[in-house]
Amino acid sequence: MIRAGIIGSTGYAGGELVRILMGHKDTEIKWYGSRSYIDKKYADVYQNMFQIVDDICKDDNMEELADKVDVIFTATPQGFCASLLNEKILSKTKVVDLSADFRIKDQRTYEQWYKIEHKSPQFLDEAVYGLCEINREKIKGARIVANPGCYPTCSILSVYPLAKEGIIDMNTLIIDAKSGTSGAGRGAKVDNLYCEVNENIKAYGVAGHRHTPEIEEQLTYASGVPTVLNFTPHLVPMNRGILVTGYASLKKEVSYEEVKAIYDAYYKKEQFVRVLEKDVCPQTKWVEGSNYVDVNFKIDPRTRRIIMMGAMDNLVKGAAGQAVQNMNLMFGLPENEGLNLVPMFP
Amino acid sequence: MIRAGIIGSTGYAGGELVRILMGHKDTEIKWYGSRSYIDKKYADVYQNMFQIVDDICKDDNMEELADKVDVIFTATPQGFCASLLNEKILSKTKVVDLSADFRIKDQRTYEQWYKIEHKSPQFLDEAVYGLCEINREKIKGARIVANPGCYPTCSILSVYPLAKEGIIDMNTLIIDAKSGTSGAGRGAKVDNLYCEVNENIKAYGVAGHRHTPEIEEQLTYASGVPTVLNFTPHLVPMNRGILVTGYASLKKEVSYEEVKAIYDAYYKKEQFVRVLEKDVCPQTKWVEGSNYVDVNFKIDPRTRRIIMMGAMDNLVKGAAGQAVQNMNLMFGLPENEGLNLVPMFP
Amino acid sequence: MIRAGIIGSTGYAGGELVRILMGHKDTEIKWYGSRSYIDKKYADVYQNMFQIVDDICKDDNMEELADKVDVIFTATPQGFCASLLNEKILSKTKVVDLSADFRIKDQRTYEQWYKIEHKSPQFLDEAVYGLCEINREKIKGARIVANPGCYPTCSILSVYPLAKEGIIDMNTLIIDAKSGTSGAGRGAKVDNLYCEVNENIKAYGVAGHRHTPEIEEQLTYASGVPTVLNFTPHLVPMNRGILVTGYASLKKEVSYEEVKAIYDAYYKKEQFVRVLEKDVCPQTKWVEGSNYVDVNFKIDPRTRRIIMMGAMDNLVKGAAGQAVQNMNLMFGLPENEGLNLVPMFP
Amino acid sequence: MIRAGIIGSTGYAGGELVRILMGHKDTEIKWYGSRSYIDKKYADVYQNMFQIVDDICKDDNMEELADKVDVIFTATPQGFCASLLNEKILSKTKVVDLSADFRIKDQRTYEQWYKIEHKSPQFLDEAVYGLCEINREKIKGARIVANPGCYPTCSILSVYPLAKEGIIDMNTLIIDAKSGTSGAGRGAKVDNLYCEVNENIKAYGVAGHRHTPEIEEQLTYASGVPTVLNFTPHLVPMNRGILVTGYASLKKEVSYEEVKAIYDAYYKKEQFVRVLEKDVCPQTKWVEGSNYVDVNFKIDPRTRRIIMMGAMDNLVKGAAGQAVQNMNLMFGLPENEGLNLVPMFP
């Protein structure tokens, strides 16, 4: 039985981690960390867990935690994990960091976009970018996994096969993303009040969102071409779900069948990436509550561009689900243990 | 392995049954009945099931089905099950009917409220009203179970202990219920379009909703007093969830502790009924996707009434989840097999 | 031209007041009070007012304001208006208080339910309860009008004719109300975040909501019978709208036509109260953005009760619209000036 | 007093036209056409109009109508207006066609994208594309105005100044649009049911939406460069609103101030196009119920692209509001008569 500790267990991603681990037969949650609710019953914060979780929220002591658990999940704001991590902790336990601290290999890029100093640059090399479908083998041996951002997960998986195979001109890539509101977190802010979000849609972080360099770095690795792109997120009045619409120019003329074959080559064996049938557009509702990413594409011969689409539950494959998938890989468990979640509809 | 057949598998309740049975380790769905989509791939109707369900939709032939499966779920409009059921079918297979056909023991009441002739009154006595927490023992031996209506499940479970213990004056009982829109089904009607339901709330079926006699009959059994009540459902802009607010006069002065003790006596051992802590009001979101009913109450000394509240997912405990719970009882399986669904939040 | 000042102009009710007064041809807003946003452009707080309102938010100085305007609207928390009001202010300007400070005539009841000391009890007698359809004549001469609460407006207007005419047994009255989330205000609270409210419904303030004594007092006046009732509000995932479902026992048998005649007698000449046609249930969407209250009823011969229903926009007739209606009466303007707002659908 | 007739008055755009014309002091609606509801009270179809509109729905006879009204609005599916229009009608009355029939000057393009034969190509030259801010003078003298599509209105107005001034490379233009569900009409379709749209987002009509050639044609006129672009609409769970996010490469380096000056040059005098302040992203909620289009832009020096954004109410500026604006121009009325609608928030 793997003993798990969650720091930041009362945020939305943390709460989803609890939900998923409740259905994981080889894991036991030993520590519900929550700086805001120390000594409060976890089920008083998340009433859905009433009579399911009886534990009390604890503080953030990573060193103490390292003695008690086999894996620590940090579902915390950027800077937190990097500021506490040390060799002693890593010698005792594995870490899956759901924050951005170890996602970007280039320290300067991280510091520039996140506007904080990186406190543990010594682990940047070691940390593995936990996009399971792409870095599976490296994850298996990792002590520390940087769980990818929600937007990057959906964006990269939607574009990856074409970037890797050199089908698209990386200099033309534009990603227009739409997210449900749980991505904005559980902090009490006027902007996220029901009445401000409902019946509304807006772009935000235009030409400056922090997930941009993460997507660029990974697609640069994939394509071998230094990739700079436009990434525009939008806030959508729904709880969960990310939809990505990507645009890029084709480097040469390709047929539907050729592109389909490429996607299939990369994803046919992947349980959690579903390449939809021709002309079926991904919808966030079709993956809600599950670890799936649904992808598809459409070639536009008029503009010689390809439109790449992906849909995902931002809290599952975009956060907690992928974290568990990473844990499964790190501990040699079946990759889908606890993750055979059937999407809930409607 | 129990072989299951679902008639009406492409309605919302039918779809939920598929979702739940996917996680049931002792059941295999052998028949996806859907009159509207015969020969179409099930996953083309419900894209969330892509790469999960590969089957094709079939017609409604109950006799043929009886030869192939151990249990038939009929998630069909009223009249369907009653019109096809016969002794031969019941001799071969068990039936869980999610429609209203066998819920009301009094044939005349059924015919009056549903405005159709009952085609199988001979099974009315035999059919067991499948409210598991109340009729558990009878369900175990049943060949045919009438799966309770969504509103009645939530209403009865919220009121039952007080009705049974004679705490409330049954002549004063009023139930004001609020339901998400999936309860209205998947038929293409203007009234259920997004733009008509969103940002809107209304009562409907006032003083005439068909779930009224079902609630009355069960509460009459519970209280021993002929119960006639007001039941008013409302349509709420959300996909899932039923909230019930019940009002009744107290027959004598009682304390919070006394009433709490009564609820606990009935539900403490019940996994799927959670009696919340003092002053915590049930919320539909806290039970979404799960088989729980959350109940609580508040005594109002000013009016000498008690307010009883219940929250539930209409498609799970109010339909498919309870149907599986009934199946588990009928087949001697653990009652919660496939039903340890953790509520999804947010 | 009436010069108006609004204190609390950046709350939802204050913002709605601005919207409505923009279309009022005899009024000019001279003061946008907002303690939280002093010196900030109003249109930076409410971007919908960009290029419509150019003013800057000011502080709360009622004395200064009294010198500059003909009417002050206080859209502020309870206690504010009562703590600042004095004879000098009232000698210079009229006041429409959107808070609860002067709604309840009985000081002790106010202090008990609102748990604060009343700082201006000397004006309680003078203040007129501004339910225009009922107190029209008194409002015309008033210096200070207590603008009714949102729930009370809808509740009282739905029940009033039957209470007044002695048709219902006031001891049996139960009001089950449902409100959109703007009623909860614009404060940054976790409970009102999009993800907490969306796909959710709950009761709150059960047997203790502060609008209860306000409804009771007015219905006591109407019926001549000391009225104690159950009032249960619910939070619904929509921005605007209140729906009220009231239940009471009939004192004697009445026909649909008789009751309809009573409602018509009270409301036929009222522009803002629409008695719907037989069997049409009020829906909040049908009144959104307008000053209408739609009411209707259904007699249930089985229980000898009558179900009374009302729908209203909580920010218009439930707050800002009624405040303007009161102002019109106080200044001898046509009662509907600025209020011929056609409901927006969808 | 202008006498107006509306064909298709019970669709969402038709209903909005009624709402707006109710507040237009120089117009009287003489004909509520609705093929689906002939002889039914208009207010029975749209209960919000109860006691506001007393008329009965009539059929679609354009010839009869031409004798009775000064202007006909056709809020009908494509093909309808073109199939009935003739010289006799136009000699008696003006026509504002809200369908696509006369928007595209090139008959072949129309027939190719709409897959129907054009029945009145003889009026294609005469018809004026009714984007008021751009074709104002032509509209004034027109007998027939083609009211622009909702997506094109928002897309073109967001991009127009930069296309016209040659700032952007028209070959790189990509428009990613998001629309509320009222854009899908009031037809009873499963895809538009509440439960299918709520908590969901999807792209549709990818690389094939019919508004594409309309946008391309207008931007070709504006830029003088044959423009072929990608246009991808998305369905968003909200009633109203369109948000457009456009991407294009800059032909040369420009500063924020230079671009702002261009937008201001085009729109400063326009009441209904608001160029927002720096870094403020348009939100659909800030324009809801009004005739405004809010636009803004962001230069991304990293990719040398500019992101252009626009937000609008699809039923107002995107349909009925613009139709009234066109009518005002055609009849020599103040352009904003009936259109000083303050956006409703929240």
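Each chain carries a letter (A, B, C and D) given by its place in the written order, and its residues are counted from 1.
Going forward, a contact is a pair of C-beta atoms (placed from the backbone, for glycine too) under 8 Å apart; a residue touches a chain by one contact, two chains touch by 3 or more.
Keep in mind that this is a model prediction, so the values were computed, not measured.
Chain centres here are means of the Cα atoms, and by that rule the chain farthest away from chain C is A. More C-beta pairs touch across one of A-D and C-D than the other; that pair is A-D. With centres taken as mean Cα positions, chain D sits 36 Å from chain C. Per-chain CA centroids place chain A at a distance of 46 Å from chain C. Distance between chain centres (mean CA atoms), chain A to chain D: 38 Å. The multi-chain contact residues of chain A, meaning those touching 2 or more other chains, are 12, 182, 195-196, 198-199, 237-240, 283, 285, 288, 346.
Interface of chain C with chain A (complex): residues 12, 181-182, 186, 188-190, 192-199, 237-239. Listed in rising order, the residues of chain A touching chain D in the complex are 172, 174, 176, 178, 180, 195-196, 198-204, 206-207, 228-230, 232, 234, 236-241, 243, 245, 247, 281-285, 288, 298-300, 302-303, 305, 307, 309, 311, 346. Of all residues in chain D, those touching chain C in their complex are 12, 15, 19, 22-23, 46-52, 182, 199, 239-240, 274, 276-277, 280, 283, 285-290, 294, 340, 342-346.
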